[in-house]
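Okay, structure first, notes after.
Chains here go by letter, A, B, C, D, E and F, matching the order in which they are written, and residues are numbered from 1 within each.
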Amino acid sequence: MSHRIVCFGELLLRLTAPGRERLLQTGHFDVHVGGAEANVAVSLAQFGHAVAMASTVADNELGEAATGTLRRYGVDTRHIARTPGRMGLYFLSTGAVRRPSQIVYDRAGSAFAAADPDAADWPAILRGAEWLHISGVTPAIGPNGAAAAQGAVDAARAAGVKISFDGNYRAQLWANWDGDGPAILRGLLEAASLAFINERDISLILGQSFDDRDAAYTAAFQLFPRLDTIAATTRTQYSVDHHAIDAEIATRNGHWRSRSHELVGIVDRIGGGDAFAAGVLHGLLTDMPPDHLIEFAAAASALKHSIPGDFNLASVADVEAAVDTDNLDVRR
Amino acid sequence: MSHRIVCFGELLLRLTAPGRERLLQTGHFDVHVGGAEANVAVSLAQFGHAVAMASTVADNELGEAATGTLRRYGVDTRHIARTPGRMGLYFLSTGAVRRPSQIVYDRAGSAFAAADPDAADWPAILRGAEWLHISGVTPAIGPNGAAAAQGAVDAARAAGVKISFDGNYRAQLWANWDGDGPAILRGLLEAASLAFINERDISLILGQSFDDRDAAYTAAFQLFPRLDTIAATTRTQYSVDHHAIDAEIATRNGHWRSRSHELVGIVDRIGGGDAFAAGVLHGLLTDMPPDHLIEFAAAASALKHSIPGDFNLASVADVEAAVDTDNLDVRR
Amino acid sequence: MSHRIVCFGELLLRLTAPGRERLLQTGHFDVHVGGAEANVAVSLAQFGHAVAMASTVADNELGEAATGTLRRYGVDTRHIARTPGRMGLYFLSTGAVRRPSQIVYDRAGSAFAAADPDAADWPAILRGAEWLHISGVTPAIGPNGAAAAQGAVDAARAAGVKISFDGNYRAQLWANWDGDGPAILRGLLEAASLAFINERDISLILGQSFDDRDAAYTAAFQLFPRLDTIAATTRTQYSVDHHAIDAEIATRNGHWRSRSHELVGIVDRIGGGDAFAAGVLHGLLTDMPPDHLIEFAAAASALKHSIPGDFNLASVADVEAAVDTDNLDVRR
Amino acid sequence: MSHRIVCFGELLLRLTAPGRERLLQTGHFDVHVGGAEANVAVSLAQFGHAVAMASTVADNELGEAATGTLRRYGVDTRHIARTPGRMGLYFLSTGAVRRPSQIVYDRAGSAFAAADPDAADWPAILRGAEWLHISGVTPAIGPNGAAAAQGAVDAARAAGVKISFDGNYRAQLWANWDGDGPAILRGLLEAASLAFINERDISLILGQSFDDRDAAYTAAFQLFPRLDTIAATTRTQYSVDHHAIDAEIATRNGHWRSRSHELVGIVDRIGGGDAFAAGVLHGLLTDMPPDHLIEFAAAASALKHSIPGDFNLASVADVEAAVDTDNLDVRR
Amino acid sequence: MSHRIVCFGELLLRLTAPGRERLLQTGHFDVHVGGAEANVAVSLAQFGHAVAMASTVADNELGEAATGTLRRYGVDTRHIARTPGRMGLYFLSTGAVRRPSQIVYDRAGSAFAAADPDAADWPAILRGAEWLHISGVTPAIGPNGAAAAQGAVDAARAAGVKISFDGNYRAQLWANWDGDGPAILRGLLEAASLAFINERDISLILGQSFDDRDAAYTAAFQLFPRLDTIAATTRTQYSVDHHAIDAEIATRNGHWRSRSHELVGIVDRIGGGDAFAAGVLHGLLTDMPPDHLIEFAAAASALKHSIPGDFNLASVADVEAAVDTDNLDVRR
Amino acid sequence: MSHRIVCFGELLLRLTAPGRERLLQTGHFDVHVGGAEANVAVSLAQFGHAVAMASTVADNELGEAATGTLRRYGVDTRHIARTPGRMGLYFLSTGAVRRPSQIVYDRAGSAFAAADPDAADWPAILRGAEWLHISGVTPAIGPNGAAAAQGAVDAARAAGVKISFDGNYRAQLWANWDGDGPAILRGLLEAASLAFINERDISLILGQSFDDRDAAYTAAFQLFPRLDTIAATTRTQYSVDHHAIDAEIATRNGHWRSRSHELVGIVDRIGGGDAFAAGVLHGLLTDMPPDHLIEFAAAASALKHSIPGDFNLASVADVEAAVDTDNLDVRR
C-alpha cells in the first residue's frame, strides 16, 4: 500500500504531572506519545488518509508502546526502525491561571538522535507518496538529525514527492550543538512546497528583519521558487487557559484569514500547531478552496485544545462541525 | 408512608470518559446513575420531599447498584421492579473549549423498554401522592414505553394526582420505531397540570408554528384546559464550558422571568433541565410566589452545572444561597 | 543554623473531595498539608529563606507525615513538638461555577489546641531570627492557643525579633469558646511591625467603624506605634473559578497598589492570602522598594491560585516572571 | 414497617491508605463507612432482612454520606439521629507480607460519643423487632456510650426483644476513661440471648480463668440464664494476607464446628467478625439447624475477606455457594 | 500482505470493577478489549506472526477503539467491518480468596450478532492464509453467528486453509436461542485440523460419555478424519487466586503432557485458554516438536495469568524463559 | 550537626507501570525515588540516626523533587549537589505469578554520571561521621563514578571514617564502558570494614572460585585485613510474589544466621537488599550482639517487601515487632 503522506521525525514520550500539579508534587505521571511530526501523522490518519511514519525508536518496551500507539490511530508504522538506546522524553507540568505550562526536555542521546542518518531506505519509504512532512525540530537535535532531515528532503525531491516543512524553531535544542541553524533550516525550506512559518521564522532564516508579515511572505516567495504556500496561526493569550487563535494562508495568488476561535477552558495546548499543519495538508490533499481550507485548519487547531494528549483525535466531520456551527450543546 | 411525588421513567447508567478524554482514549469509565425522571426524584429528595421512583431495572448487580444509588439519596425505591434483561446505558465523552460533549446511546432492549406496560400497580404506587412526574423520553423508547406512560397518566388522572410533564423531545429515539411522536406526546400533555416545554416543543406537538414564545404558550393554554403552568429555560452558549441560563414560568395569570446566571467553568451540564424541573416542583409544593419560584428553579439548574454526575445534590439552603447572594468565596 | 523567619501555628490535614465532587460523593479524599502559618513557611522556603516552623502535632503517623511534608519543602521542622492526641483536619469540597467551596472543620481537641502554652522554648527557637510570623487563627482556637500566641509574641519582643501578624479573623472558631477576640487580637497587633489586616479587621479589633480603608489604616498607625506596614489584598469574584485580585501596602510614608490580576480557571484558592503574606515578607527581607514589593506579593498570591494544595510552590523566578510578563505560553 | 433486627452503635468513617501504602505515603485516602454494628446491619440487609440502624451522626455532609451509604445497602436509617459535632474516624494502613495492618483511631469527641444516652425513643425504634444487636464497643467509648448501651438493652428486655451481644473488647478504648469494663459488659451479657464471645472474653468479664473453651462456655451458660447461644471464630495467621478461619457455635444442647476456610490473598480483613455475627443471626432468623448455621456463618466471614471495605456485600446465594462448593472458577 | 493466521469472532468490551470490588461498589470501570478469538490474534501477533482479525464492530467510537486496540498490538484490522448497532459488553467483578469472579454478559443484539452472515468476502480475507481460527462462542450467539461460523469454515476448506477450532462451550449463550448446539459444533469440528476440546466437549458434541480422556480423544480421531491435533489444559483451583495448570496435546501419533505450573497470586485469569491456543498455534506454525510445543503453550497460558486484561502480551522470549527457568527474580 | 552515617551514590527516579501492567499498557507511571545508597540512608533515618546523603542531581524540578523526598524522610540533603543535566531513571514493570519483574534502565548521561569526581568537599561532608556507605553501583556507572567512589573511600580512610561497601554487581552497567570491574571493586573492598557480599561477589572480585560460602568468606578475611564483617541474604523464590529470605553475618569471630522469613504476597521487592544493609548498620551503630543483629537486619529486609516504593519506611519498633512476634493481626 502506498501512502499519500510520509511524516519523518522523532517519537517522544510525554510525562505529565496530573491535575495541574507541578512535576512530582505527587508521585504520578500521565504518559502520552507525541512528537511534532507524529502528531501530524495521527491527525491525517484520523482524517482518513494513508499515512506512514518514518522514525527510529528505542528497541525496548517503551519504543514498542510508542509505535503501537501510532498504529492504534491508523498510522503505518512499518518504517519505524528500532535500535538500541533510549526514548526521548519530555516532562510537562501543565500550567493554569497565570502560571505557564513548563517543559523539561530529556531527549539527549535518544535512539533517534543517535540514528545513522543514512540508514533509511527513502526510495522504498517514499514510493507512491504525495507529501513528505518534516519539521525544524529534527535538524535541531544534532548533526545526525540535520543530516537525516536533509537526506529525507533530497530523497523526496529526487522522487518527485512534495515537501511540507514546519519551521518549529527551538532555540533550546540548537543551543546544544554548534550547528548553523539558519543555514540548515534554509536548506530545508528551499526544497519545500508548503511551509508553516511566520515572519519571525523567516527573519531568522534569512537573517533580515521585515516591517510586517506580508513583507516577510513576499521575500520568502521570491527567494524560494518551489514554495507555493505559507501558513501560520496567530495566538492571543488572555490567560493560561484562555486563548484566541486565528490562522492565515498565503499563496502566490493571495492571502486568506480564518475566523478567530475563542478558546476558553483549554484542556491541552500541546500539539495545537501540529493539528493546524495536518488541517492544511488535508485541505491541500482534498483540493479545498483556500478560504475553506484555512477555516478547516484553524478549526482543527482549535479542536485540539480540547483533547488530552498531543494528538488531535478529531475526525473530518468533527472539524467541519466546528467550522460551520456555534451550537456547542451536548450531541445526543 | 405516602409520597408527595412519584417519578416514573428509566434508570440509566452513564459511562463517562474521564478528564475530557474521548471514549476509551484510555481504558476507564466513571459511572453515574441517571435518567431524566430519576434526576428529578433525587433532587426533590435532597429538597426534603417524600419521593418515590417507579421504574424497572435489570435483575442483576447493575440494576441493584442503580436502585441503591437512588436510595442513598433518599428516594423510595420499593416501586422499582426487577426483571431479567439489561440496563440501559449511555456513553458520554465530555467536551471542552469548542468540542461539544457527545453521547452514544446503548439503551435498546433494556429491561425498562421491554417491561410489560400493564405490570405496575399504579393505584398502590400513587396512593396519597400529589404529583406524578413523567417525561417525553419514556414514550420515545418504543410501544411499551408509550403505553406505560399513557397508563401512568391515566391512573394518575383517575386517582386525582396532578401530572408534571417534561417534553424532552429526543428525535433519535423516536426514529427507532414508528410511533407517532406528536400524537403520543399530545396525549400526555393533555393530562398535565405542569409542563416543561418551550415554543419548539409546542410547535412540534401541535404541528403548527408560532411567531414567538408567548403565542405558543397562549395556544397551549387554550388547547389544554388542565394545563396550569408552563416552565422553560433559555440557554446561551459562549463555549462548551461557558453558558448563561435564565428561566421563565407562565401561568394563566402571567409570566415571570429569572435573572440570568453566568455559568463559567461548567463541570457537568447533564441534568441541568431536570434540576430545573425539580426546582419548579419544589416551588409549587411549597407554594412559593411565582417570582421567587422561578428564581429558585433557575438557581437550582445553575447549581447543577457545578456537580459531577446527573443529580443535583444541592439542598434548599444551597439553592436559596445561590438565589440571594453573589458572595462566592469559600464557606468556612 | 539560625533562621531568618519563624512561623508559629497549627499544621492541618486537608481532605478534599476529588474533581469538584461534594464530600464523599465518591469514596476518596486527596490529602494536603496546610495551615495559615505553615503555608507562609513553605512559600518563604521556596523563595530561598531559612525558615523554621514552631508547632505541635499528634504523635502518630499523620503528624509525622505532616511534619515530613514541610521538611520536603525545605522548612526546618526541629521545633515541631509531638504530643499524644489527634491532628486537626478540615474537609474541603471544592466548588465550581456558582457553588462556593465549602469547608467542614474538624479541628477541635487537636494536639495543637491541647498543647501546653508554656512548653515551647522560645529563646532557643527564636535565636537569630529576624521575624516571627503568627496569625489570628491560633488565639481563636481556644485559651491555650491564645496564651501560646501571646507567649510567642512576648518572647519575640524580648528577643528583638520583629512580629508579622496576619489577622485572619475566623468567626466560627471564636464562637467555640468565650475568649474576647477583639481584645486578644489587639494584644497581638500591638506587638506587630507588619500586619495583614484590612478595614474590617481594624474595625473589629478597635470596635469602631471607618469611612474608608485609609481612615482605618491611619487609625491603626496612630494606635499601634510599633506598626510599620499594613498589607491587604482585594478580591473580586465573578464566578467561583474566576476572580480578580489586587493588593495594597501602606506604611507611615505612603500607599502602593499593585496591578490587578485576572484569575481565570482557578485551580485552588486556599492559601492565596498566605502566599501574599509570604510575598510581602520576602519583599521586606530583600529590601524591595514598596512599589515592586507589592507587585511581587500580588503576583505570588495570583500564582498560588494555579497550584493544587495549600502551598505556593512558586520560586522567586516564577513570581518575578508573573510580575514582568504577559507571555503565558508553554515554557520550553 | 417493623424490623426484624435493630442494630445500635456508632457509624465510623474509615480512611485507608491506598495500595498497601503507609498512611500519607502518598496524599490519598479511600473512604469506607463502617462500625461493628453497622457492618452487621448491612450484611443482614443483603441477606434480605428488614434491618434498622439506631445511631447518632454528625449533622454535616459526612454524617449524611455515612447514613446514605447504609441506606444504599438497604438499611432503614430513619432512627439515625443527627447532632452537631464530628464523625468518628479511623485511619487504616493495610499491611502485607509480615507487616500487620495498623489502625489509628480518631473517634474521641464524636457526635455519637457525646450523644444524650436518653435521647433515643426505644419503644418506637424496637416496635415489632425480634432482635437488638449491640457490641462491647459502644460502652467502651465512654460514660454516655455505656449508659446508652444499657438503656437500649433495658428497653429491649422490656419490649420482649431478644438481645444479640458481640463482646468486641477494645482495651485501647476502655483505657480512655475510668469505666469498669468487665462490670459494664457483664450487665449487657446478662441480658443477651446470643453472645459472640470466646474464652478470653468470658475470663475477662467473669474475672476468672478457664482451662479450655468448653469450661468457659459452661460457666457462661450457668451464670447467665438468658443466654441460649454462644458463637466464636478461630483464626490462624500464616501471613498478613493468608489466614485460616473456622467457627464454633455452642448452645445448651451441644457444640458445632464448621469446616476450616483457607483464606489466601486476603483483600480486606476488617469486618470479618461482623460478617460472622450477621451469618449467625441470619441462621437463627431462618431457623437453620446448627450444623448448617455454623457453616453458613463461617462461609460468610470467609467471603468478607474478599470484599473491599467494612461491609460483607454477599447475598445468601453467594454464601451458600461458598458453603457448598469448591468450584472457584469464573462464573459466567 | 497475506496472513498466516486469520481469526474470526466477536470483539467485546470488558468493563471490570477496579480493585476486587463488586460491580459499581464505587463508580468506576476499567475497560479492556477482548473476545476469545481476538485474544488468540493478539497473542500470535506478539509472537511475531502476521495475523488478521475478521469481525464486525459497531460503527461508533467504541467499535473504533476496540479495533484500534487490536491494531496497536499488531493485528491487521482491515477485515473488521463496521455496521450500525452496539458493541457486545461484559461486566466483570474479579473475585478473591473464596469468592469466584463473576461475569454479567450484555452482548445480546450486538453489531456482530446482527451481522449478515454472508457479508464477509472470505476468499479475499483468507488469501494466502495457513490457518483460520474460530471458536464455539460464535455459533452460540445465534443463527447469524452459526451461519457465519459455518460459512467461514466452508470458505477455508475451499481455499485449503487449515481450521483451528476452540470448543468453548457456553451453555448460557446457547440457552438464548433454539439452535442445536451439539450438531452445529459438530459441523465445525468436522472441518478442523486442530481442536481445543476436552472429554466433556467431546461427550457433548458426540452425545456419548467416555471412561476417560484418552477414550474421548480416540473417538474424536476416529470420527473426524481431518482432525490431526487435540489440545487441552487441566486446571486445579486451590483458591480464587491460586491455581495450578498443566496441558496436554494428542495427535494420532501420541500424547504429550507439560509440567504443572503453580499459579500463585493470579492477576487476571480471563484469556488463559486463549493464550494456550495461541501457544499451540505458534508451536505448529514454527514446527516445534510436540514435547516442547506443549511446554511452550502451557507456559504461555501460565504467563497470561500475570497480565491485566484479556490479552497475553508475552513475547516468544518471555514464554521460552518461563519454560526454561525457575529464576523469577527481577530482570535488570 | 555531624552525621553518624554518610551515604554516597546516585538518586534515581523509578517509573513503575501501575497494577502489575506491562510498561505503558495504559498511560500511567507511579514514581518513586530510589537508588541503592539512598535507600540505605532513608532506612537509617527512619531508625533515628543522623544520616547525610552525598550525591549530584539534575538542576531541575525532578532533581529538586528527588532531593525533597529524601528530606521528607529525615535525610540531610545539604551535600547533594545540583548540576545541569538529566536525572537517571529506571522503568519497572512489576511481575506476578511466573512473570518476573523487569527493569529498563535509562540512566546513561545522568548528572551524577557526568559529575566531576573531584567536586565533592569530602572533609566537610565526612566531618564527625562514623560510617561512609557506598556500593558497587557507583563505579559501574563509568569512569567518573569509579573515580568518585575511590575518592570518597580515600577521603574516608584519611578521616578515620569506617567504610561500608555493598557489592551490588551489575553486569549490565559494567558492559557499557571498559572499566576493569573486579579490580575497581577490589580497590573499594580493600578499604571496607563492612561488606555486603556473597560467595559469587568474592569469586568475581578475586577471580577464583570457592567450594562454599565459608571458604569464600575465609579468603576475603585473609586478603582484606581491614574487613571486620561480611553480611548477606539468601533468597528462595517459589513464585514471583512468594519468596523466603534468611540472612547471615560473618565476622572474624563467628557466623550467625537468622530465622527464615516466608514472604507471601510480596508488594515491592525492590530495595530488599538495601533494607538489609541498613538493618546491619543499625545493629552495628547500636552495638547489638550479632545473633540479634542478624535477626533485626533480616526482619528489616522482610518488612521492606510489604512497602510500596524503594524505601523501607519501617521504624525500629516495627522491625523489632517483626523479629519477636508472629501475631500478624490488625494493630488497633
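We adopt the following convention: a residue touches a chain if its C-beta (ideal position, glycine included) is under 8 Å from a C-beta of that chain, and two chains touch if they have at least 3 such contacts.
Note that the structure is predicted; figures quoted are calculated from it, not measured.
Colleague: Could you run down the chains that neighbour chain D and chain E together?
Modeller: Per touch definition, common to chain D and chain E: A, B, C, F.
Colleague: Going by the stated contact rule, which chains contact chain B and chain D alike?
Modeller: The common neighbours are A, C, E, F.
Colleague: Just to be sure I understand: going only through chains that touch, what's the smallest number of steps from chain A to chain D?
Modeller: 1
Colleague: In terms of C-beta pairs in contact, which of C-E and B-E ranks higher?
Modeller: Between the two chain pairs, B-E has more contacting C-beta pairs.
Colleague: When chain D meets its copy chain F, do both sides use mostly the same residue numbers (more than half shared) or mostly different ones?
Modeller: Homomeric contact, different residues on each side for the most part.
Colleague: What chain lies farthest away from chain D once each centre is taken as the mean of the Cα atoms?
Modeller: A
Colleague: So, what's the distance in Å between the C-alpha centres of chain B and chain A?
Modeller: Those two chain centres are 45 Å apart.
Colleague: Taking the mean of the C-alpha atoms as each chain's centre, how many Å separate chain C from chain F?
Modeller: Centre separation, chain C to chain F: 41 Å.
Colleague: Please work out the Cα centroid separation of chain B and chain F, and write it as a whole number of Å.
Modeller: The answer is 62 Å.
Colleague: Specify, in ascending order, the residues of chain A that touch 2 or more different other chains.
Modeller: If we look for residues of chain A contacting two or more partner chains, we find 22, 25, 27, 102, 265.
Colleague: Make each chain a node and each touching pair an edge, then name the shape: line, ring, star, complete, other.
Modeller: The chain contacts form a complete graph, every chain touching every other.
Colleague: What does chain E use to touch chain D in their complex?
Modeller: 19-22, 25, 95-103, 105, 170, 172, 235, 237-242, 265, 269-270
Colleague: Spell out the part of chain B that touches chain D in their complex, as residue ranges.
Modeller: Interface residues on chain B, with respect to chain D: 68-69, 71-74.
Colleague: Which residues, counting only chain C, touch chain D once they are in their complex?
Modeller: 13, 15, 22-25, 27-32, 60-62, 65-66, 86-87, 89, 91, 93, 102, 104, 106, 108-109
Colleague: For the complex, which residues does chain B have touching chain C?
Modeller: Counting only chain B, the residues touching chain C are 261-267, 299, 302-303, 305-309, 313-314, 318, 321-322, 326-332.
Colleague: Which residues of chain C touch chain E once you look at their complex with the stated criterion?
Modeller: 26-27
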